[in-house]
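Submitted below is the structure of interest, expressed as structure tokens.
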């Protein structure tokens, strides 16, 4: 092999020519590189490797799972990630702290306020910046609205993966209404770019408040409707009850968080465990369930929607007056330091570790998405179940590939 | 945009100076700081620092297993939840950073495993305490090249398995930055950085010589240190 | 069948024996949809204007060459690899029959545009807006596009929604190749049009037109569902305009070569 490096242009038409035995085959042509891979790719008599490829009808995004099945039962599995790895952390390092806000948006694209909050809260911590009270309340409002829309979609997708086509339409109605009101507030439906270091981008306006009022009027009623659709549906219950049971100790060791963890009985919610923003002033309970199966996770998501509606109610009643943005310089040279922040996103504990070296570029901005750890649970849950249940398990863990793959 | 950093001379990250006194009143747990200093005294490199709501300790890679087990099992610490595990490249050394949460203290605990050399970063794995750390360690390996000893499944998680570089290292430049750096000229986006003695977990090594060459010609040379027998 | 001797006659490039008439030794280009190997007798111009339909006298729908309905290959070759090794010119169903567009063509195009079945290819954030466009509030079902097929074999349109990474590029191109013709591609979102916000990244493909031919670009980050519907309607308009000449559509990046 020559020592000089040939530069391959991305315009080279041979770049994606299939070589014999590509890395996209189910059984990789390379000999196994690790113990676990060797264990997985040695097959006993009657076992088969099936590729649940990166494109599949369950719309969680591009996740590839190589299943080792024996007949119809899954014996083992190997999730392959990275089909959506966009190099967000590296791009953040090469830009400003302000650029990082819009760069980190698409990580949790359904509930983008939480992923936006990461560089914002890290920078505020590093700067010791006090965010105005009104801005904090608006942030909580936006967070809880995002949580509701994300949970409504979760319910829809869980049903969709089990074959029901109606609940997803209900879920999208909820989501579209919430997202239209957030578009009135922030200007964008999906990747809001609304939070700023020191506050939020703009104050509440009439359009947003009138839509919010209309929606709040029958929010609870709609949730009851959604509940009625699925809660006692025989097929849904038969397929989710007892499926994918996680016990507490395994849940803690697998570092799960969010509804997946609370459905096993551990009441760990970052809003109460390590309060941030104005959550200490608000009254809400942390719903937990004991069983730890998919049905419990589904019911927990519905409970959380109700809690979020309650929080939004309080926020609207207690909203203070004042500025929505602190006085910060445009060119922000953050003094050197390290900071760790964590919020409770719809999927669990969303956290970020930021390092600043004194310039205005982040030295290291590490975003940690809860779906990343939650997805490891599939390795525990899928073996022993039928192939038809794999997607149901995956759906009940609510993964978002944007955050997993960064 | 601000002043970028030139590719060659990556300034070393400012070492642990005492942080600015915080202007906001956030409670830091001074009792925790004291307890850590008592129990872990000899293993700590430098003092325990506390800022806002985070207490931070630094240890060396050899002490990781002992310190983590102590923090996990000890009834007065009870750091049962690992919130985050990440790798850091400071330009001069590599670090692995853990963040722990305990119900006994309102603070986060940050454990920085400092002093991993940039050309051969190795750290012990904490998968014996938390299974979920497996993928986080895979990610740190994929992005930095930090080898976690004890992780049963240390392979690339984001990049394709035959990818040669470690993207988040400071000497890996994006194409734009490579083009803008003085004296660099336009370079290829991936600047391969081969660590000196690069070993993987000791498993099946048969056929690695001939088969690997088919897939990625560079794989062979990266794999073996000089003069090593591939069948070992 | 009568042949008008003043006009050029289409010679089939493959005889019924399956051997190509002339050796095709240049490597097959990646996008199998480009008119790369011009057939003899077909007056193809190299500029981008629409090709004049060639008038060949025809008697009801029987083709001159019995292998025309097999894509020019003998019927026993069905594997994708063999198709790749063979010539990649468009010798699919209607290719050998460039006839005057008739009312039947018009009706066929109407049929096609009113039931374009997309393939579920939601990669990232734009997939949310695509799903939003498909559900109750912005309904794509009224255009006939509700069934999002899971299998590429049953799909007409590939709406690529979301960032294409280098790891995913292979599977996506494989999906594209598995789709039967006629097929169209819609690049939805900034990341698929040009790389978007990830243009500097080490792991993304800067626009899917580097790996596959694109018919409609829908910009936005993410584009509103109404925007996607507008893009689909543009696609419908495009199909109608082509009047069956789908392989000669304007595709590919508009950036001049060498930039």
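Chains: A, B and C, in written order; residue numbering restarts at 1 for each.
Definition applied: contacts are C-beta pairs under 8 Å (C-beta built on N, C-alpha and C of every residue); 3 or more make two chains touch, one makes a residue touch a chain.
Everything quoted here is computed from the prediction, not taken from an experiment.
Taken as a contact graph, the chains are fully connected, with every chain touching every other chain. Distance from per-chain Cα centroids to the pooled protein Cα centroid is smallest for A. One inter-chain figure worth recording: subunit A and subunit B are separated by 24 Å, centre to centre, where each centre is the mean of the chain's CA atoms. Distance between subunit B and subunit C, defined via averaged C-alpha coordinates, is recorded as 46 Å.
One inter-chain figure worth recording: subunit A and subunit C are separated by 35 Å, centre to centre, where each centre is the mean of the chain's CA atoms.
The set of subunit B residues touching two or more other chains comprises 158-160, 167, 172, 174, 176.
Residues of subunit C found to touch two or more other chains are 167, 200-203. Residue numbers of subunit A whose C-beta contacts span two or more other chains: 23, 82, 85, 87, 90-91, 94, 405.
Within the complex formed with subunit A, the residues of subunit B that make contact are 1-5, 11, 13-14, 17, 19-20, 22-24, 51-54, 56, 80-84, 86, 88-89, 97, 99, 101, 103, 106, 108, 110, 129-136, 139, 143, 152-162, 167-168, 172, 174, 176-177, 188, 192, 200-201, 203-204, 206-208, 211-212, 214-215, 217-218, 220-221. Against subunit C, in their complex, subunit B makes its touches with residues 158-160, 167, 172, 174-176, 189-190.
Only residues 10-11, 13-14, 16-18, 22-24, 53-57, 59, 61-62, 82-88, 90-91, 94, 102-103, 106, 109-110, 168-169, 172-173, 175-176, 179, 189-191, 401-402, 405 of subunit A touch subunit C when the two sit together in their complex.
Across the interface of their complex, subunit B is touched by residues 1, 5, 7-8, 21, 23, 28-38, 81-82, 85, 87, 89-91, 93-96, 99, 125, 128, 130, 250, 252-256, 268, 273-274, 331, 333, 335-340, 342, 349, 351, 353, 355, 357-361, 363-364, 366, 368, 372-373, 375-376, 405-406 of subunit A.
Per the touch definition, subunit C reaches subunit B in the complex via residues 166-167, 200-203.
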